[in-house]
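There are two complexes below, and they share chain A, which is joined by chain B in the first and by chain C in the second.
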Partner chain A sequence: MVNTNTVQLRRPIRIPWLYIYSVLVIIYLFFPIGIIVLFSFNSSPAVSFPIRGFSLRWYMEVLESPVFLAALKNSLVVAVFTTFFCLSLGTLAALALTRYRFRFRPFVQSLFLMPLSLPGLFLGISLLTYFISLNLRLSLGTVVVGHVIYTLPYFVLVATARLERFDRVLEEAAQDLGCTPWQTFWKVNFPIIAPSMIGAALIVFALSFDEFLITFFVIGPESTLPMLVWSMMRKSIDPSVNAISVVLMLASLLLILFLSKVVDISEIEF
Partner chain B sequence: MSDASIPTLRTRLTRRPAGWLLFPSLTVLILFFILPTAIFFIYSFLTSRYYRVAWVFTLENYYRAFTTPVYWDAIFNSLLIGLLAAVITTLVSYPFAYFLTFRITRGRNIVLFLVVISLLGSYLVRVYAWKTILGREGVINSFLLMLGIIKEPLLFLLFSRLAVILTLVHVFLPFTMLPILSSLQNIPSELIEAARDLGCNPLQGFLRVTLPLSATGVLAGFAYTFILSAADYITPQLVGGTSGGMIGLSITNQFVKVGNLGLGSALSFFLLFLLVFIVYSVRWSARRAHLVSNA
Partner chain C sequence: MSPVHVFADRVTKKFGEVVAVSSLSLSVEQGQFLTILGPSGCGKTTLLRMMAGFEEPTSGRIYLGGQDITFVPPHKRPANLVFQRYALFPHLTVFENVAFGLRVKKIAEKEVQRRVERILALVQLEGFGKRQVNQLSGGQAQRVALARALVNEPQVLLLDEPLGALDLKIRQQMEVELKLLHAELGMTFIYVTHDQEEAMTVSNRIVVMRAGQIVQDGTPEEIYANPASTFVADFIGHSNLLQATVLQTAPSHLSFLGGSYSARHHPGLREGQAVNILLRPEVLRVFGDAPEGFENVLKGRIVDATFKGPYVDYLVEVGEARLTAHHSVREGVSTFNRGDAIFLAWSQDDALILSS
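Showing the complex of A and B:
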């Protein structure tokens, strides 16, 4: 989708301020993150200048903390299950939405996207009241439910955008050459759509790993990494929260690096 | 798009009904999204005390939500902060997205990559980062003290509306950029060229072609940021302090601290109604002003 030919649009005088402006925006986006990374290596516990010295002390403390490891494990478990459910439910839904015209299609489509435009507060509390009225105990399972509802719209959005561009002639060719529908799916459709589905699944994983607003309401006594960060932020100054934050962001960074290897990022449409 | 449904050589695969493909996801959505929302709504009409509801119908919750000045103030404050955050985010995003689409070719993917990183970089950590930057012993104050520019820490930085808006804009900027970016990228360059050929100057071309064609993305990004920041309950707690409470926090407290589930539900639906109303009003006026193209 990035094929805009701009040669004819260039004004006679280039405007360097647009360039400078964009660099400033990028700095604004990354300055706070840089600060956290910087102070996670500070040997003094205070998050203020001057920086006393370089130290891995907070990382060591974090990696040895059983609370951190338990929260990390919970976060991974939740993200894996969320991704699994989202991938299976979302792929089928995206196929249905892109290939069939049925009566309530616009309605169903907007239903799928609805949780996207609702605040996490609203989704979290509505699930909380639901689980309370069903007398369901809050656990990591209820967190997965919340995360699936929250991530499904993102998955469906990315997946349908890709599937809509799928060239149906390829399917017809395969069938003309004697493929059964099942073979057609596995030999033609699957290899072509798989990278996009994996890309969408990685986004889901990252969103779930980092989710806080819904988790806060439906988690009960367990803890995830964002929940741990939250409880540490609220207590007195604990500098290892910087190190945990860096770990949390590093996880997303790795996922995105992996994502950019699998799919062309500019192809992802929101 | 529509070509997927043109009846050409219909394969057996396409003749299968959409029903079984949709069945699992629709079941999950009905069970865990529609039903919970319905129950949440019903709760707003029930009497409640100490985290429990009695199935007795009442309008008391809405009455209290409408008549208590504290809630009015909090709602007004939230809508104001949400609108400011959304307007600023959109204004900051647009030139950036424009630059990325029309002005650079090399390195575009790297910049896009950076935007996606900051989008998926932890929400909580980014809010917390602003707290450490703006705090009394925070980065800015200690830096200025170290350089001797100030003698006393600047206290207005943290726990102010300014801090809340600065943080919200930072958090939602990438979410606004992406829809604007994709709507700009989908504009056929021939249309802009045609406008120039027909005698438009660059500004006219922008106002009459580019802007209306990208308005869908602008409105989507605006609505997203407005709704999510007006209902945020974390940012006001971490960087807002006591400077004008936001309604998200009042609602959270009803469920976490006070235990008045009915009042909490009524406040939530009151807020949701106002948010949807404002979003649709903005959309409607943009259409009326012919700022949105139907093409």
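Showing the complex of A and C:
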């Protein structure tokens, strides 16, 4: 028996392990990014410590470089077209997969998702072989084809998940209240599924915008932004790469911010 | 008699091999509050959905106000449906939900405002217009669903188990509100439910369905007092149903529970025929000593007593059978305990013969 009169009940010192662990993970995740941001403002061309002084020189250089601007334009064009095709093909595919009960439906569904599990390297090589055997000239068009194959599974996944959850009774309610099928789609289906679709489209856009591996195999004489960065890094460690990275990072941050404003993130599920 | 408003003419609906509704005819008068009552799978919802236009009959016709609407799509019918689980549009506010039908019909916005506000007041939801529908309680959501249908001033309002998802107390309150709403609007209401108490509360006419057909049609009082079959008797109210053999036809004497007892006259009986006897719990009187002045008395023993407030429910064992009796608790009336030997008594006219 413990004699409670003599035992001093002292509060044990708790070491906040979880707290420490979380801080370490955050440092691990963000330290490299912080370094890049730091060096992008470094006035010296040497990418090493100590930092000499603050300058926007690399940003000016990048924004005045026609190579960079061309690559940026190419990346945007590819991402926009990829998103467009993904949105139209993916929505239709998701509608078919959720609305119709046809033979081999589960099989077809897994076919749609298969590219997810294929290595990008494999996709890139097989697409290249395919295009060459068709005598297709490699261009941004072939890049778009590659990107659509790569991003479509993500889109179909999100879209089917959303459509599966759609309560079909709402469509009946709309028809009961006087809507034609066409009006039902635009007044009920579309506004309810739109946030998920926009969210999925933005993810597709982001995936396409910085895709490297597949692009590397199927691109023609033009260059996208990831290709440009890669070629610059091959020659030397050019500090303007840091500036490009920071610009890209800012762009994705803005995208996420926009996503969270427009879309209820919890609506998007994988 | 009011004119016939909704008329189903020998309607049959098959889903593959399954016959949901089987050559059913039904006419509903203008302004009636008709309830289609039946167990799940009896075809009542299918019948309602054919009236709303969501199902097409395999054969037969449906008329509304004299017009054949059998193949008219739902959006062109002057009928509105209140759905089982409300089916409110989650992306719209309460006001926008209610205004939906009017706006689809391109009614002037000023008129929309006026009508929506009036109908929200009618269902006691003034000031709720700006709410999101996910902020509503079940009862409120159901009122919005009702308002959304009623605001279109349909010729007939169809209700598919609209109170099924609500708690008992709110359900009972909504039942009364529905009845008052119907009295105020004078619209034809066709209501589907599997809940017999709900059916008796709200409607002035009940149609009992079984296996795709109508088995009885009448006022709640008629159906309760004179169920046409064992099925209806069992479905409506609490019943003691006993197997009996006809001993004598006029006056009716039957053998059941090891004795011979009299029952209300029933035409077309044969001696030796097997029938069912219906004794409602409220017609059985319970006495401690053998009572005088009853045609039928039998001995039993109480196996369970449940106090229900205004009355006590006794479960009485008579030989192999168990009967339920409602015993009113009033001053000067003795109550009994489990194990007590008692007498059950009923008058001849309270025992109904049902062909089995």
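Here is the rule we go by: the second predicted complex is superposed on the first by the 249 of 270 C-alpha atoms of A that agree within 3 Å, B and C clash if a C-alpha of one lies under 4 Å from a C-alpha of the other, contacts with A are read in each partner's own complex, and residues count from 1 in each chain.
Keep this in mind: contacts are C-beta pairs under 8 Å (C-beta built on N, C-alpha and C of every residue); 3 or more make two chains touch, one makes a residue touch a chain.
If you're wondering where the values come from, they're calculated on a predicted model, not measured in any experiment.
Participant: Look at where chain B and chain C land on chain A after superposing the complexes, then choose clash or fit.
Facilitator: In the superposition, chain B and chain C stay clear of each other.
Participant: Which of the two partners, first being chain B and second being chain C, lies in contact with A:26: first, second, both, or neither?
Facilitator: Touch status of A:26: first partner only.
Participant: Return first, second, both or neither, reflecting whether A:172 touches chain B, chain C, both chains, or no partner chain.
Facilitator: A:172 contacts both chain B and chain C.
Participant: Touching A:235, do we find chain B (first), chain C (second), both, or neither?
Facilitator: A:235: touches no partner chain.
Participant: On chain A, which partner's contacts cover more residues, chain B's or chain C's?
Facilitator: B
Participant: In the overlay, answer first, second, both or neither for which of chain B and chain C A:261 touches.
Facilitator: Neither chain B nor chain C is touched by A:261.
Participant: Taking the superposition on A as described, I'd like to know which of chain B and chain C A:100 touches: first, second, both or neither.
Facilitator: It touches chain B, and chain C stays clear.
Participant: Of the two partner chains, chain B (first) and chain C (second), which one does A:187 touch, if any: first, second, both, or neither?
Facilitator: second
Participant: Give one of first, second, both or neither to describe whether A:217 is in contact with chain B, with chain C, with both, or with none.
Facilitator: The answer is first: A:217 touches chain B but not chain C.
Participant: Nearest CA pair across chain B and chain C in the overlay: distance in Å?
Facilitator: For chain B and chain C in the superposition, the minimum C-alpha gap reads 5 Å.
Participant: Where on chain A do chain B and chain C both make contact?
Facilitator: The overlap between the chain B and chain C interfaces on chain A comprises residues 172, 175.
Participant: What does chain C use to touch chain A in their complex?
Facilitator: Against chain A, chain C makes touches at 52-54, 73-75, 80-81, 83, 85, 87-91, 100-101, 104-105, 148-149, 152.
Participant: Spell out the residues on chain A that touch chain B in their complex, using ranges where they run on.
Facilitator: 1-2, 4-6, 8-9, 11, 18-19, 21-22, 25-26, 28-33, 35-36, 39, 46-50, 85, 88-90, 92-93, 95-96, 98-102, 108, 111-112, 114-123, 125-130, 132-133, 145, 148-149, 152, 164, 168, 171-172, 175, 181, 184-185, 203, 206-207, 210, 212-213, 217, 226, 229-230, 233, 241, 245, 248-249, 252-253, 255-256, 259-260, 264-266, 268-270
Participant: Along chain B, where are the residues that touch chain A in the complex?
Facilitator: 1, 3-5, 8-9, 11-14, 17-18, 21-22, 24-26, 28-29, 32-33, 35-37, 39-40, 43, 51, 53, 92, 95-96, 98-103, 105, 108-109, 111-118, 120-126, 128-133, 135, 137-139, 141-143, 145-146, 170, 173-174, 178-179, 182, 185-187, 189, 192-193, 196, 202, 223-224, 227-228, 230-234, 238, 248, 251-252, 255, 261, 264-265, 268, 272
Participant: What part of chain A is in contact with chain C in the complex they form?
Facilitator: 167, 169-170, 172-180, 183, 187-188, 191-192
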